[in-house]
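The structure under discussion is supplied below as structure tokens; questions concerning it will follow.
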Amino acid sequence: MEHIKDLRWKPGMSSADLVEQYKTTGFQSIELGKAADILYKIWSQKAKLVLSFTSNLATSGLRGFFAQLVELGLVQAIVTTAGSIEEDIMRAHGEQFRITRFNADDIELHEKGHNRIGNILITNDSYMRFEGIMQGLIDKLVADKPVMTSSEFLAKIGKTLDDKSSFLYQAAENEVPVFCPAITDGAIGFHLYMARDRHKEFSIDMIGDFGRIITELSPDDRKAVLALGGGVSKHFAILSTLISGGADYAVYMTSSSGWSGSLTGASTNEAKSWGKVKDDSDSITVIGDAAINFPLAAISALDRLKKEGKL
Amino acid sequence: MEHIKDLRWKPGMSSADLVEQYKTTGFQSIELGKAADILYKIWSQKAKLVLSFTSNLATSGLRGFFAQLVELGLVQAIVTTAGSIEEDIMRAHGEQFRITRFNADDIELHEKGHNRIGNILITNDSYMRFEGIMQGLIDKLVADKPVMTSSEFLAKIGKTLDDKSSFLYQAAENEVPVFCPAITDGAIGFHLYMARDRHKEFSIDMIGDFGRIITELSPDDRKAVLALGGGVSKHFAILSTLISGGADYAVYMTSSSGWSGSLTGASTNEAKSWGKVKDDSDSITVIGDAAINFPLAAISALDRLKKEGKL
Amino acid sequence: MEHIKDLRWKPGMSSADLVEQYKTTGFQSIELGKAADILYKIWSQKAKLVLSFTSNLATSGLRGFFAQLVELGLVQAIVTTAGSIEEDIMRAHGEQFRITRFNADDIELHEKGHNRIGNILITNDSYMRFEGIMQGLIDKLVADKPVMTSSEFLAKIGKTLDDKSSFLYQAAENEVPVFCPAITDGAIGFHLYMARDRHKEFSIDMIGDFGRIITELSPDDRKAVLALGGGVSKHFAILSTLISGGADYAVYMTSSSGWSGSLTGASTNEAKSWGKVKDDSDSITVIGDAAINFPLAAISALDRLKKEGKL
Amino acid sequence: MEHIKDLRWKPGMSSADLVEQYKTTGFQSIELGKAADILYKIWSQKAKLVLSFTSNLATSGLRGFFAQLVELGLVQAIVTTAGSIEEDIMRAHGEQFRITRFNADDIELHEKGHNRIGNILITNDSYMRFEGIMQGLIDKLVADKPVMTSSEFLAKIGKTLDDKSSFLYQAAENEVPVFCPAITDGAIGFHLYMARDRHKEFSIDMIGDFGRIITELSPDDRKAVLALGGGVSKHFAILSTLISGGADYAVYMTSSSGWSGSLTGASTNEAKSWGKVKDDSDSITVIGDAAINFPLAAISALDRLKKEGKL
């Protein structure tokens, strides 16, 4: 039985020390502490981890952290949406995303060719250069193989990127499949559509991806899901664990709580009713911005693994 | 210049009367009042309306309301996720969804074969009967045409349903395309995958759908977007208006506000920076549960149209 | 056992009809339907109702609705914060509150002397005229009785107001006590402080109020609490029911859910652990904006009472 | 002009290193980074800091951190609600608060005498022992001085506590006033009420407190407000800065965003329209759980001050 303890600052305390104190601080800090413990277990026991994230998180600096986790061998499959793919490729090709305010003047931004995602801006110019890159790239890939699953397609793209902080690059290098169940939902959809015009036989095979994700995981594996944000990425990730017998570990980090019945706000408890997460799983939902909560929890687990020589 | 007015009950007041008072009540009630006005303009000016909704809203009783709006000729395209398709078909085949509490015991539910979505339950039995229906149905459709876009596939399914409260049925009858950019993200993904095993040539062509949605809308059209909830459905809907020159009208209803940078919480203002919504559009974001806010705003607009003989 | 039903529009449907459909629609609409039923029970069984609300709700048009409920004899005690008192008096003296946008330019507003509360504005001029009114009024009241509880003080102020839409006026007329446990927390605090300078013996006796609220309610009464928004108002209201044996009925309406451990987001379930709400009470928490949800639920209950001749 | 940078883990990285990376990560992590910078400026420039917090935060382990900040001379005034006072005294007298789950069974907890605040429990026994302590203590204090402001009363209580992690103790030792504008809103209200029964002349003078808080701060001071959570504590804190010419620095940390018009969700921008915060102030609102966000931002600022020899 744990009790609340007084939190105290010590000069130079590490992130891991702080998370240790969070475990007895209260409210979401306790949940974050549990998330850190579960991540430690997932990684020290080498459970198969499906990582899902929404595209805004790949627009943020978390992109580089995802790449690092893949490089460290800590992720076995990724599920995300089209925006993540786009922004990762843009960044790998040198595009920069400016920081702005949440209450920036959107009409003024529009006139200047800046597209806002919360407090981050992507310019029209970045999108135009991206389009040029993609057209050439798709033409090459299609010539080689006109029908690909999204995970094949993204592995091939990853191979072309020369950026250690790209999650597509690291996933390709480390043979971690990246699934994008709604790959046409973005600028990339337009690029695929234009490529189709040039190559009638070109197609992305979504059904093939389904087969792949459910064969990547087996009922005999220890399985884990780490869902950052919600939507299709989260759902496809937990669908994969459902079909293979339920996750043994689950960490959800979301800015939404469950009151509207959306999957985005659905908790790991709700997931138990479905068998997406096992009844006796180690699982937790942390509410807040994953751009704060995820690095904090993950870094604490990484430091622990490092100390124990497990990394 | 509008001022706050005291809200007063009058016996038997209509929903439309209440919404009229909301316009001068305060906070989200004002935004809801604006949403009602915008819906009225969309419908009286016969703007082309793209309606998007998340799957939990189709699980709810809004499903029948969506069907009614399509039947009335008020919707020109639908974008949604796989769960919506599944639950609409289940209901059309007589399945019933039980009402529960948000804090129900999920482990007990799991043991009893009840899957929870907020305060709604779907049984494993419903999913099993649904699987039986889909297998036979897909076999027939594939025999006819092995490669279909999601909107073609869903139109053919809609034709088989005998339920006026089914949005798939009404969409098929009224030639309203239903787009599902992540159609493999659900039980139906598993059914498609098993069908592929029986029919190697079977494929859902997502790229074709992209072509269709952007040709359905032209820069010359007056265009409107009504996004209930967020995620891929919302994004694909506003991507379609972006490509065709921006929406003239936009109503977003979401349980999320913009602080985490997610698309789900993105406002109609943020959409202006992208050109998804025109700078001079009539647009509003209403925060709360769309299961309350949408019927209230829409009914108010419908009553007004009815009174003016425009329905 | 209830099941989800398809929601359908019928021309001219009443608010009450809509709420009836909400009971089988899903998510918060179901909770709102339960709230309507509980309000009906509270009012038809003449339970003693403690109504609490935050000051922004009194700034909104709900102020007039609160007054109407008091006039109808449906409220037995009110708990609120200083802002509510201020805005009610201002409105009773003819001040008008302008409607604005949530993302208005706050520096520009400041320069123009407009103070923003969400999408509502109060001018500095209104505050200055209010100060003039209060100084004279407090001087008169103090001359009569230098030490008053907040509820005595507010009853005397209510008597001076000539506005049927003022909740202070209606409360005074109908002998409903209005408690303000943090009465110095606002412009009025400054007025009280300046009055103290003129009248050294002047004091507001908060402890006396505590005695009054716990004697207004007895363990033998059927008791109900209706908490709109959170904070001190909500806490003082449920403290009063705790001390008198727990509420038989409770409706909480809040924009916050429980994840941060704040009282504002605390549910009626959490209240059971304290005995603030009885274990076997009829109680519900509805999440969203009370400026939408409260009138809708309450009007539905009022129409039902009216139909049954109970009003 | 800042751009997004890839976040990377380095073994043993400090909390301060992580916050440094947050400044270019995205969404609320950027706002948290700004909060850390503002706290650094407040403390290095020795601005007068008014700290407000809701009672749940004092129930949490932040209580000890608040005490530490006061001990370090970094806080010049505190505003809070009754629950904070109660829990701080209980903890100083050795009571322990157990950690539980957010979805604990509240009826079972009630039967066992556990009162739930999010995922923290306080037993009925703790409340009973607290009542015993308070009765004796109030009797002694009243004998000495029957009429006290809340800040006088709390300073005297603080002096009786023998606990370096008590914020009341540290505030009393360091002559930092603690204001509680709604001191009767809690169990302590009941204790005051019972003491009144024994000492008719006993009174808490709230008006006197108002005078004190506005004389503590002058228009010539550099002033700062740090509001953790919302409600009366936050409002009274920013009212004090409003009256003395507006805060030069403001950090709000809240779980609520502004869509419902509540003060709890009001941003530092909204505060500018009022003059609570100066137009040209350094100010930021961080959304999420303050139990996570506050220590992280503050520790980063403390480490920087320490390094520079300013602590």
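Letters A, B, C and D mark the chains as written, and numbering starts fresh at 1 in each.
Methods note: a residue touches a chain if its C-beta (ideal position, glycine included) is under 8 Å from a C-beta of that chain, and two chains touch if they have at least 3 such contacts.
Note that this is a predicted model, so its numbers are computed, not measured.
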Same or different residue numbers at the chain A/chain B copy interface, by half rule: same
Chain separated most widely from chain A, comparing mean CA positions: C
A-C against B-C, pair bridged by the larger set of C-beta contacts: B-C
Centre-to-centre distance between chain B and chain A (centres being mean Cα positions), rounded to whole Å: 26
Where chain A and chain C are represented by their mean Cα positions, the distance between them in whole Å: 44
Distance from chain C to chain B - Cα centre to Cα centre, in angstrom: 35
Sites on chain C at which at least two other chains make contact: 26-28, 56, 59-60, 103, 118-120, 258-261, 269, 287, 289, 291
Residues of chain B defined as touching chain A within the complex: 54-56, 59-60, 81, 83, 102, 104, 106-107, 109-110, 114-120, 181-186, 189-190, 192-193, 196, 202-211, 214, 229-232, 235-236, 239, 243, 255-256, 258-266, 269-275, 279, 289-291
Contacting residues of chain B [partner chain D, same complex]: 26-28, 103, 257-261, 287
Interfacial residue positions of chain D with respect to chain A in the complex: 1-9, 11-18, 21-22, 24-32, 56-57, 59-65, 67-68, 91, 96-99, 103, 118-120, 165, 269, 287-289, 291-293, 295-296, 298-299, 302-303, 306
